[in-house]
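Below is the structure I would like to discuss, written out as structure tokens.
When the chains are written out, they are named A, B, C, D and E in that same order, and each has its own residue count from 1.
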């Protein structure tokens, strides 16, 4: 009897909690609510940390200058735990519980792909900062904007340089999931177009602790390795590759270095080439806009956070910054007032051109209307004596490829 | 008395769907899907004392069993959920066949290995599962003759999952109240004696494992439907440990207790995770604390002080 | 196959070297089961804690070998009260104790996440030498790790089978009550065993840190193989654990030459299932286990 | 005709011989006592008959059917039921439920679509057994809350619940008060009118007082068999128990 | 002379079962005492209670004047009480030598081992054999030898004759006599009356958890009625 009462009591308390908890969404309607899916814990925690700081800096700047159309911007941050399922759930929570109007970020392609259908279902524009080509391809939709470089752009851009300056015979080593496959496929395509050859493609599961068995399969004929992995996998990869093939040349996307100090990586990483949409060190792109941008987000010339000495993942941080200001421009252009005006914002974003400025420190570019992808230039950096140096710049026209989808025809 | 309470609960669940704000409703959908999982796990741990760490296999299988037919063969939602359910049954049968005859310690390890291997394979077989990135799906409308129900309607998913929750509860409650349920409790209380009363204990443990695994798969399927998404992460050990937390928080061997556990833990997770990133550490501490107070969980503790956990004739 | 026999031999030996680390960790797992009758679900996380601590000490002292000495001490200091105050109250209820270790595992992972962070880190190899090995260069540190692991295993073996303390532990494994009636302080043996088992896992973690990555979930990967090893070898059977660890690791290694390592791991899993079908108590396990 | 036959059964544990070519044959509706000093192999014999252990050699027949090495639940279904020396009950089931479980094993088994309380035939029988063993007033008490003596009686009730043709009782009066022991013996005598009972007892007078026939085991061998009068006169039995002081 | 071991009115329960209902007995230095009784009378429980394996709810156990009631088993053993349990309880997976070593706490009692081999010469040839492969008599010898190596002042023997062939029983008697000569106190639990009578100076009879009768060997000679009354075989 008593047990039943307790059980009932508990059910009651739960119901009460739900009703009261839910009331938090009846907050003031005035500000423009922006949600952020930050990868604060889990494998991508380094990205989440700096992305959050950058977005907060951007919103602070906007609010200080009078907001958007006179309305302040309010930020809601949720942690994705670097897991796609959690990310998708948090996307819902941001929109449904906090009532955010736009969602920015997650550096994980998996999370971005998982959230894309949710963005469409909840009719909320979404600006992931992840690189998988599918986001601006078949996995995306009219609500999703990839305002950073995608894998295909990176591979296409770097292929000519790779064949001419690094090597002709390549092996690819990628993590075994969508982003890795994208890299494998695109690199092979463009390296072959440029007269090179991929002699072996190796896929490695995420979080593998012993890389030797995989790397042992790299044929002797391979002169260079193109790799797509990050975090722990990257560390194991370069260490074991250095032990087993110290002579081989290496090329990868720069975000593999996420928060790592190239100096500490030692001889294993020496000479490593990276594809970077944005140079980590100010020296690579020393413009007044960049100096101001770095100042606002609190980062020094070397890419370290002022005060803590933490390493920002600058190569991708600009995408968050740029997404916020592109959004601001689109809201201002379309005169967005509430959720029902969302299609107007999307139309304003499609085909939007922007000029190099403090708002767009990476450089001028445009958002391609057909696939919602930002078309920008790239850099190739190399670790020389433990320091990242820009080796070459690849202009946007060498990066661009023809779009595979046409979002403008999709209904809202 | 008890019937009246159940009736009240059903009514309030039905009404809640209409009055809850959207965010809370989505949370409620998740809780309802997890409640099926928690009850199913209770059949395994609470009723037959089989401490499985392999239930993520069924959860993940249920999710993919439901998502893949919709994605590749354009099946309807209901047939897909049913396929997920069946897949859970098959996997529970195969893994149960190997594991129920093992002793306690072996059972725990071997089920944990199942979970780990399936996770590994799911992460690796990206062509099938999408790996960690997972697979998203567009849910077709559910047709009942001329009536078409879209799960994209804000209330659609809520009532869809609620229907399964009620059906699942009814099914499990019936099983628990049938002779079969009595045999389960007998096995929990004294396995050897049950054998000497003429029951093939292994068979009944397998049946319990099957029921548990199958309903876990149903929960996985519904969760995937509510997310419109499945990921290889559903196979990870986390999904094997979390039902233990639910059952311990709510109370083992009570069916309704684990649901309360789900509600408490989900609310906790929902509200605390926003401001404290490392909230999961609480789960571990909770396991240790509750075990110290009562091995039957909190509700089990309260009931146990009166008479005992579980149910009576 | 590019280079035939040498190619396979490379995989076989690489597997065997991992096998020695796995043997070290599994030995601890098996020992704890033997004396306490529980499967320590947090064992893999103690391995992780070993690696994480060694990361801190390496950055503090700049010397890997110091951490190899200090970390086991610290883990011992953590393990002893854990046994005494967290696990002891559950003694005699194996399934409850196992759930408790699941809780401990959760706590260890989350504490590591909160303090160490979610980003994997790297310890540079303390011995940057590569040997030419079957046509490719092979990191010398791995060979060193294999040698150290083997030495520790031999040491533990001698301790258990040649010293009077070891005899007391083994006596407690077989009959706790009688051991107590023989004047053996079984409570001390329980703590001692838990500490020894944990220290073995932690040493495994320290040794593996420069080979693998230091990451708060790194235990999950290793513990899977350890679990398979103790199941195949027979829970609580020390010789079974050793033989199974070396055997399975080299088989897995050799198969990785033809299959992807994940497929090789799946094959090991199939071997385990086959063994369980024929002998539910494992190859060397006693019937009662 | 003998309903239970044990033929040349031997059981070894490592270097120890627990039972050495034991023969036993029990008639229908017999109340057979098995006595013998500690370590004589009485409980081992029960464990072999009921399938908990497999014999090293020899055969066991139940109604001419070979049941050697069958698992316990099959042997139980064939009509052989037992109690345990140290009580083996369902701590958190009530008296009624404990008996219910046994009765159900021969009837509905596990049909998940019926309700426990709807099975009236099982319920009637359960009530009957509660009455028979004299626990009807405690039918809703949890087994764990019963006194030790009542637990022993419940054990017998549970063994009876499977409707056995042979009942094996392993020291049913051990550790209970004299008054309770009397009750238990009363229950046994009532039972023996309908079914075959084999009783292991250390209390020789109980066995000699109630049993039709007594088998004496010593060091794994049968050293005497006969009616109580014969046994009390048997010199070898006296030597075993009293010795030549 | 003060008793070496004194048990004062102990009451012990196994769960709810009231097994020892006030047992008092004593063993003097160098004395061999037998505790007789039917199966289930509580003899083994008495020994286990003395050893500290189970705790009495009431009562006291004094050894050499020290209250050992609250001590855990290992401390009791270290105080100088050797225990040879029913069924031998060897460590089956260990060799004979290792089994013996579990009892050898103090260093340098290698001489002690030689004494043991004098007492049980059969063990000497089997030192590296696993205990589980020994015959019944050898197992019993090992169990006693193991207990002796803890250098006890009193030895608790629980039904040592169980399962032994007559020849071995007389061997056992010799061993006990030899130990007695060396001044070892022994508390023997037995069902075999002749054996008990042949070695013990004093006997206790236990019935239903209580001591029902106590007497010396001389008192009991030719008193068959006592045996019949307390051990329950009718003549």
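A few notes on this one:
By our rule, a contact is a pair of C-beta atoms (placed from the backbone, for glycine too) under 8 Å apart; a residue touches a chain by one contact, two chains touch by 3 or more.
Model, not experiment: these values are computed from the prediction.
Any chain touching subunit B that also touches subunit E appears here: C, D.
When chain centres are defined as mean Cα coordinates, E lies farthest from subunit B. Counting C-beta pairs in contact across C-E and across B-D gives the higher total for B-D.
Distance from the centre of subunit C peaks at D, each centre being the average of the chain's Cα atoms. Computed from the mean C-alpha positions, the centre of subunit A lies at a distance of 74 Å from the centre of subunit D. Chain centres here are Cα averages; for subunit D and subunit E they lie 31 Å apart. Per-chain Cα centroids separate subunit A from subunit C by 38 Å.
Shown for subunit E are the residues that touch two or more other chains, namely 92. In subunit C, the residues that touch at least two other chains are 113, 260, 262. Contacts between chains, counted with the stated touch criterion, involve the pairs A-B, A-C, B-C, B-D, C-E, D-E. On subunit D, the positions that touch subunit E within their shared complex are 14-17, 37-39, 147-148, 151, 171, 174-176, 178, 202-205, 208, 219-220, 232, 237-245.
Across the complex, subunit C is touched by residues 51, 53, 72-78, 83, 85, 89, 91-94, 98-99, 101-105, 146-147, 150 of subunit E. Against subunit B, the residues of subunit A that register as touching in their complex are 1-4, 6-8, 10-11, 14-15, 17-19, 21-23, 25, 40-41, 78-79, 83-85, 88-89, 92-93, 96-98, 109-110, 113-114, 116-118, 121, 139, 176-179, 181, 205-206. Within the complex, the subunit C residues that touch subunit E are 164, 167-168, 170-171, 174-175, 177-187, 286. Partner subunit D is touched in their complex by these residues of subunit E: 14-19, 38-40, 86-87, 92, 132-136, 138-139, 159, 162-163, 191-195, 197, 208, 221, 224, 227-228, 231-235.
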